[in-house]
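What follows is a set of structures to go through.
First subunit A sits with subunit B, and in the next complex the same chain sits with subunit C.
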Partner chain A sequence: MSYVRDVGALARKDLLLELRARDTLPAMLLFVAAVFVIFHFALPGTPSRLETTGFLWVAILFTALLGLGRAFVPEREQRTFDGLVLAPCDRSAIWLAKSLATLTFLVAAEVVALPLYALFFHPIHGAMVAAVLLADVGICGVGTFLGAMAVVTRARDLLLPLLFLPLAMPIVVGAVGASVSASPGRYLGFLALYDLLFALVCWATFEYVVAE
Partner chain B sequence: MLSARRLGKRYGEKRVLRRIDLDLPRGGFLVVTGPNGAGKTTLLRICAGLAQPTEGTIERAATRAQVGYLGHEPLVYRELTALENLELYGRLYRIPERRERVGMLLERFGLWEARRERVGSYSRGMTQRLALCRVLLHEPELLVLDEPYSALDEAGAELLDAQLAELRGERTFLVSTHDPARVEPLASDRLALAT
Partner chain C sequence: MRRIPLPALAVSSLVLVATALVFVFYVAPNDQTLGFSQRIFYFHVSLAFTAYACFIGGAWNAFRHLWKRDPRADLESYVCVHQGLIFGAMVLLTGSIWAKISWGRWWVWSEDELVLFLVLYLFYCAYFMLRFSVDPGPQRANLSAVYALFGVILIPVSFAAIRLAKEFLHPRVFTLHGPNFGGWILVTYCIAQAAMLVLAYTLYRLELGGKRLDARLRDLREALA
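Moving on, here comes the complex of A and B:
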């Protein structure tokens, strides 16, 4: 129970910081909207559902990357990591809280992205929304973990995409499959399995990421 | 409370700490002095559990919850208010009667009136006072204070003097300073580091 309270306190802090600083969510919203407008005007004729689904996932992935890159910026710029690491809570609570905060921002960006996709390209359907939600969990869990690793390095802006994009490939495969397949069940199952597996790995090893 | 043998620390090729032995009994007050670059901060970070030595051993009879660390950074969020910062740490340290404790410390360090202002609007001295509130919030057994008087005005320094004197003997202190005369009356042991 105390673990849940720790995660709650840390996630609340992250949401409050964003509410005050407003430097992540507005950027994500503008980026994802701009990408769809650009795709809309750049694509010739009427692109197929298969093609536009690919664009949707490219847009989601890069929007997420924008948020993930900023996830640990307050801790880096204000050097508050030491305070969190010294606190007696389980250190994985820092990862989980940060993942939840980033998930909130990503879902907020998708609330704009999906209607824009439907407006410019093709209608969205239930399996697509389920794929988006399952993919979000994996993206934020893995991305936050890698963000914590990258933030302590000098090449952090370069390192995060280099580490994250290869690990996000299975998410793209599962998500695109679930979005276009006539039987999306197995793709959704694959995404759920990915989420579970990587969440366990991140939860169990985050301690070593933040310890010197 | 703290015992170190042949403690050393290297960052790659650069050696920042060499063969430090120290014994700090419970209730002791160790003052660490030395010029810039002598390794004071590194030693204190190792003693607080924030860094690992690359040579030697250290034994600490205090858990993470029993350590209070004041570093060169205040470890508070600028976009949050003083109250929100201390509430956050109070929750993470599971402090009973958190609100009362937070209020008492803010009052004691003269920050009560500014408690709802964002820390980003604080002066350096006010931020240091808030950092001291954060360190004392969970009533730690071992206090590791790196240059605690930095940025404090005379009133702030006197507040800290009084706080240290009150806790002297009850808690264990490891304090680094460029002004050893200030804490000399409280010191039980001294460690001078050289470059």
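Moving on, here comes the complex of A and C:
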């Protein structure tokens, strides 16, 4: 039970920091809107529903990358990482808490992004929303893990997209498939499997990322 | 395996690769549907299998580093991934040549294995970027090991994803690596596969030995300074 409390405390810290600073979430919202406009101009002709679904997922992925890049900035700037690692809690709680916080930001951004997409391009349906939620879990879990890895390197912000995009490929396949296919169940199942598998691996190996 | 001396390995890979070349070009029969150009498959498939073996070896050594704290495992994992990347590049190259011959284009998205290798190639290139942007030490070893483990989990997941994606991306193109996989075709393939595996292991031992020597030299220099 203390594990749940640790995760809660850490996640609350991140949410409070964002609530006070208010820099990441507005940036993500503006970014999504701007990216949609760019997409409109980027594809000549009238894009079909298939193509605009692709737009949506590229936009979500890169907005998430933006948010993930900022995820460990407070720890890095105020050098609180050492304090977190020394705290008497399971190291994986750090990853879980940070993932939950990032998930909250991403979902908050999508609450605006999805209606915007419906306004600009095509209406959305239930399977798409389910795909968004499942994909978010995977993006935040894996992205937070890789963000923690990237933050200790010299390349930092440069490295996170490189590490993340190959791992994000299955998420994109599952999400786009669920959004356009006639039988989205398979794709949603695949997304759920991905989330479960990688969440397990991240949870098990996070200790090695932060420890010496 | 470690007791096999490197010169013996080098000679055997030379012999095996030469035998494989002879078999591929002279002994194996012409394929009914694809003709002479099918012969590249002997190398393409054996290179692919060897690359997978290297990546899995890298992940195994990574696991040994994280779990057993074996001090030699980190360098072994790195060299495995390096070899895997080299052989992976060869897979992409031979696959591209085959695509040009079969479909007239240097790249086709309809070939599952090629797309999978592209994703893996990007993934392991990022491994190098990760490894060389951290200063040498236990943290770099840990990060590399964890990332190598992720890679090996990505292989089946990506493969499943690519298969799933075909429903909405491209119509399935029927390609099969030789429906009659018996007789001389099988023998030639086995020789080519053995040749690639031994070659990979030889290069792995060579690079590992070289890097270990470098490390020892550095330590000695530091001790003398």
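Quick note on the criterion: the second predicted complex is superposed on the first by the 207 of 212 C-alpha atoms of A that agree within 3 Å, B and C clash if a C-alpha of one lies under 4 Å from a C-alpha of the other, contacts with A are read in each partner's own complex, and residues count from 1 in each chain.
In this section, a residue touches a chain if its C-beta (ideal position, glycine included) is under 8 Å from a C-beta of that chain, and two chains touch if they have at least 3 such contacts.
Values in this document were obtained by computation on a predicted structure and should not be read as measured data.
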For the three-chain model obtained by superposing on subunit A, do subunit B and subunit C clash or fit? fit
Applying the document's definition of touch, where does A:69 land relative to subunit B and subunit C: first, second, both, or neither? neither
Touch test for A:153: subunit B only (first), subunit C only (second), both, or neither? second
After the superposition on A, what does A:184 contact: first (subunit B), second (subunit C), both or neither? neither
Check: subunit B-subunit A-subunit C angle from CA centres, nearest 10 degrees, reads 90
Touching A:9, do we find subunit B (first), subunit C (second), both, or neither? first
Of the partners subunit B and subunit C, which touch A:143 in the superposed model: first, second, both, neither? neither
Smallest separation in Å between any Cα of subunit B and any Cα of subunit C in the superposed model? 5
Intersection of subunit A residues contacting subunit B with those contacting subunit C? 211-212
Residue numbers on subunit A that touch subunit B, as the complex places them: 2, 5-6, 9-10, 13, 16-17, 20-21, 74, 78-80, 82-89, 211-212
Can you check the complex and tell me which residues of subunit B touch subunit A? 48-52, 63-65, 67, 69, 71, 73, 75-80, 84, 88-89, 91-94, 118, 134
Mind listing the subunit A positions that touch subunit C in their complex? 50, 149-150, 152-155, 159, 162-163, 165-167, 169-170, 173-174, 176-177, 180-181, 186-187, 190, 194, 197-198, 201, 205, 208-209, 211-212
What does subunit C use to touch subunit A in their complex? 66, 119-120, 122-123, 125-126, 129-130, 133-134, 138-139, 142-143, 145-147, 149-150, 153-154, 157-158, 160-162, 164-165, 167-168
